[in-house]
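One chain, chain A, appears in both complexes that follow, with chain B as partner in the first and chain C in the second.
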Partner chain A sequence: MARTIVYRSLYAVLLLIAASFLVFYGMRLAPGDVAEVLASHPTGQMTVERIREDLGLNRPVFVQYGTYMRELLSGNLGVSLVTGEPISEILRTSASYTLRLAVLAFLLSIGLAIPLGALAAWKRNSLFDQGTMLIAVIGMGIPNFFLAVLLIQLFTVRLGWLPVAGYETPKHIIMPALVLAAEALAINLRVVRSSVLEELGRDYVRTLKAKGLSNRRILWLHVLRNSLPPVIALAGIMMRTLLGYTLIVETIFRWPGLGYQLVNAVLKRDYTVAQTLAILLTAAVIIFNALADLLQQWADPRTRGKAGA
Partner chain B sequence: MTAMVPTADIDSGSGTAPLLQVRDLVTSIKGRKSDVAAVDHVSFSVSRGEIFGVVGESGCGKSMTALSILRLIPVNAAITGGAILFDGVDLTTLNERAMRSIRGNRISMVFQEPMTALDPSFTVGTQITEVIHAHSNVSKAEARERAAQMLDRLGITNAASRLDSYPHQFSGGMRQRVMMALALVMNPQLLIADEPTTALDVTIQAQILDLIAELRRDMGLSVLLITHNLGVVHEIADRVAVMYAGEVVEIGPVQQIFANPQHPYTQGLLRSMPYLTDRQDRLYVIPGRVPELRAMPSGCRFAARCRNRIPICTQRHPQLVENEPRHALRCFNPTPYVD
Partner chain C sequence: MTAFDSSSLPPEAPIEAVVAVAPGLTWGERLAPFLANKLAVLGAFLTFFFLVVACIGAAIMFVPGWSDLYIDQRLRETLLRPLSPGFPLGTDQFGRDMMWRIAAGTAVSLFTGLAVTIISMFFGMILGALAGYAGGIVDRVISAFIDLVWGFPVILVAVIFVGALKPGLTAVILAISVVNWAGFARIVRAQVISLKERAFIEAARALGVPSWKIIVRHLVPNMLGTSLVMASYYIAVTVIAEAGLAFIGLGAQPPTPSLGQMISEGRNFLYVNPWVAILPGMTIALIVLGLNTLGDGLRDIFDPHLRRS
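Take a look at the complex of A and B:
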């Protein structure tokens, strides 16, 4: 297990270096740069060339990347090119919003998918099973931006129960969390159901019945425990997808998280903010993947303790 | 379907009431058009301390019979007739809760596949102690102590520390011992062993069979041994029922049946066994195939493959008839066995 952790961490670090460079370079490939934005400001006095020189934008991209990463790793995230606000400050406020939203959506999707999916498998072909799977199909079929519109139409326009956008009250998180959770819930439901179904057909289930155990213990302890590895594997991927979707969902609901800030920074060509947020999001994804891998190995006693497996 | 005349209840002749009496058991599998009987009016009994063998080819209904007793048949099957009397109580009439209190407690079962019949994610200690906790009110420490004693009794060294091992850390033979440990830990009256040695090496097979014989002697255990292997039956069983196409075709004491098999199918089974002593040029093969459940002939089910066939065999269904004390067979034209 220790060796697996070392290998997996090394791999994550390499991936992080490659990804951060791609983000950094990608920002500079987009047409138009921040110097033009700043120089076009009505009160601005400086020429485009002067601004480029000041910001070091005229130097080779590798040099810029090296300088940037050195500062980033020493904890200096820099300031916004547009507003002058320290990026650490933007990060401090927006990260907690995104974390709250993503964690809630994640817990919602897993917390509902495991009991509902397992029960659907246990009562396969029943009305309950068919109903659950119908929800799953709908959840996977509807794009989240469209689901957001439907929910706003229902809960805000028709019923007037929930605010349309913003972040001021606890009610504001409900719709974004639901929209963010929908697809993950749908996929998790299907994976839990099929995994539980597969386990229910195994020989050991008959042994458990022959031992005189209750159905409750057989399903919720033994079968569920054996059904988890694929669910855990998926949870890592799910967390990554959720983080990606925050860009869309936060923008729709004006939820001031990392995704919302990132989209705004890109639109304003605010390089420093955009690339730092993008790199940090990438890092979060890579770390989640590594953790999910390790968790999955631990979950199966047969692969536990095998190096490099 | 054939005439439903109650089959003779051939018991061990011990005089006392048998522990298990299966009477005219019918277990049907639901089909698209109609149900088919995988177990068709099967009757036999197992006395206290007796090892009773059930032999037959795959698909003859022997495993379905065993699963019917514990009511663990697949969801598409149902017990549609007969009675299963265990210690005087008809198991077919019990509710699920009462049935659960019997499984693993008074009747236990071990299965063929020691590799897959144990839950891979829990230690063997947990898997044994949960049987104890399901059927009795004892402390965790005491349950663990009893589990360790049971493993030790079944010949697993360092039993106490092995409780914390997972099934994949045991060999096939050891796993079958673990299976037996969790089947026997509640000291049941009846052990149903469904092909307990089929998946094991011959040397391990012999060890497991010795173990079963020893447990019968020491614990007074009754055993219902399901197997396709006549050698296994000859080795340890007291009486045997030969099943063919869902029916018992011959039943009696093992010595009699091996010395003087009467039914042409039993004779065919014995003839097709390889012998170590003299080398045969070709092994005997019973010609033809077992009829499909949904296309069962109205006469004798074995008629199409039988060398003793006479006209009546394809016209009428033979009944199980006692032709000598405690030995019955289902045949119109039995002939003495010639090897």
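Take a look at the complex of A and C:
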């Protein structure tokens, strides 16, 4: 396992370098002269020459990349070209918002899926089972942005319970977290249900029943524990998917996290912020991928030794 | 059911006979599992229905004079509810006819889905077949590329592309293709690796048939079924991604109609007439439902071993 971790980490570092260069180079291809676009921005006070000098746009792209990464790694992130705010400041506040939202959605998807999925399997073909699977079908079939509109229509327009968007009160996080969790919850429900069903058919369950253990003990103590590896294996992939969806969900609900800031920076052509956030989110995805691989191997020893294939 | 798989054919069967996906079966026998699956028939019906809608939508977008149908604003008749006289699906905030706007939006959605899927299938099949067939260093290089992009959140890639280009369909199509080709390539690579060990490929090689001819005449026809199944899923994924990007303002820009953009604009009028957001959302949900259930049915025909759990 230790060798696998080292191998997979080295591979992730290689991917990180390649991906960050691609993103960096991609942003350099932006249409028009970035410096001129920026200088013509109504809130910007810098001249074309000053911006070129600041960004080092007159040097070769590899040199620019090297300089940029050195600054990035030493924590010197520069300032937003639109608002002049330090990027490290933007990053600090928005990362905490994204973390709060993503962790809540992740816990929601796992915390609801495990008991509900296990119960659905236990009461197979009951009304409860069918209801749970209906939730799963809806969660997987309705695009998250449309689910958001439906929830707003219900909870804000009809019932008036929840605010439509923003971040000021604890109530504001409820709808974004639900929307972000929906698809992961639906997938986890199905995985837990089918995994528990599979375990219920095994010999040891019959043995435990013969020993006189209560059904409740068998399900929650023995079967559930053995059914979890597929859920754990999926967790890494879930984190990566959630991260991608934050771009849409945060924008819909104007939740000031990393995704919202990145989309906004791209729309306002706030070049430095967009570039830094894009590279950091890309890095997060690559790290989650590596984690997903390792989790998969830890949860299912049969796949060990096939790292990074 | 194994009769659909060429591996069940006697090894002495002539090479040419193995090329067909389901040798010795009439179309009736081939379609039987499809027709028995009620959901698949529903999927085929929905997909056909929306293809017709998309053709009508494309016609009103491109036939000179017809575009008035979805562009004309009637400021005295804004936000009419569905089933209003003269407007079966109502009107939007500018008094534009929702029915024609949804038709045009469906055309844009399905066009994007098809364009992305054709591009990614083309590159995915070529690179996947090359990697699987050639093996060695070629395989390692291509596989590294597949690893780099596969499973990357499409939305994040699209946001980066929009940052590098500008908001619009071109950036969206390129971005989704850049991720989706890897999905095809993975499957095709795995299939080629297993196919090339088969007797009929070895026989062809022993007979001195050139590699390119083996790939074109024997490998590609054997992979068409799976690719068709994957294509229907990938079109669905693309339709959702395109709508999501349009929803947050990074996709198709007005006046190009887009279902995602219609939902996003309709969000502001939920108190007056929620249908302006709900109808385009339902359209997307139904298109996706149709494609996914059609894909499930096709898989039962071409790939009986690969049923979803």
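Basically, the second predicted complex is superposed on the first by the 269 of 309 C-alpha atoms of A that agree within 3 Å, B and C clash if a C-alpha of one lies under 4 Å from a C-alpha of the other, contacts with A are read in each partner's own complex, and residues count from 1 in each chain.
The definition used in the following text is that contacts are C-beta pairs under 8 Å (C-beta built on N, C-alpha and C of every residue); 3 or more make two chains touch, one makes a residue touch a chain.
Nothing here was measured: the structure is a model prediction, and the numbers come from that model.
After superposition on chain A, the partners chain B and chain C are seen to fit next to each other with no clash. Of the two partner chains placed around the shared chain by superposition, chain C is the only one that A:149 touches, whereas chain B remains out of contact. The partner of chain A that touches more of its residues, comparing chain B with chain C, is C. By the document's definition of touching, of the two partners only chain B reaches A:202; chain C does not. Look at A:225: by the touch rule set out above, it reaches chain B but stays clear of chain C.
Once the two complexes are overlaid on the shared chain, A:210 sits against chain B while remaining clear of chain C. Residue contacts after overlaying the shared chain place A:91 against neither chain B nor chain C.
Vertex at chain A: the C-alpha centres of chain B and chain C lie 80° apart in angle, rounded to steps of 10.
By the touch criterion defined above, A:294 reaches neither chain B nor chain C. Fitting both structures onto chain A leaves chain B and chain C with a minimum C-alpha separation of 21 Å. No residue of chain A lies in contact with both chain B in one complex and chain C in the other.
Residues of chain A that touch chain B in their complex: 202-204, 206-214, 217, 222, 225-226, 300-302.
Residue ranges on chain B touching chain A, taken from their complex, read 70, 72, 100-105, 108-109, 111, 113, 116-122, 130-131, 134-135, 166, 168, 179, 182-183.
Residues 15, 18-19, 23, 26-27, 29-31, 141-146, 149-150, 152-153, 156-157, 194, 237, 240-241, 243-245, 247-248, 251-252, 262-263, 265-267, 269, 274-275, 278, 281-282, 285, 289, 308-309 of chain A are the ones that touch chain C when the two sit in their complex.
Touching chain A in their complex are the following residues of chain C: 143, 147-148, 151-156, 159-167, 240, 243-244, 247-250, 260, 263-264, 266-267, 270-271, 274, 277-278, 281, 284-285, 288-289, 292, 309.
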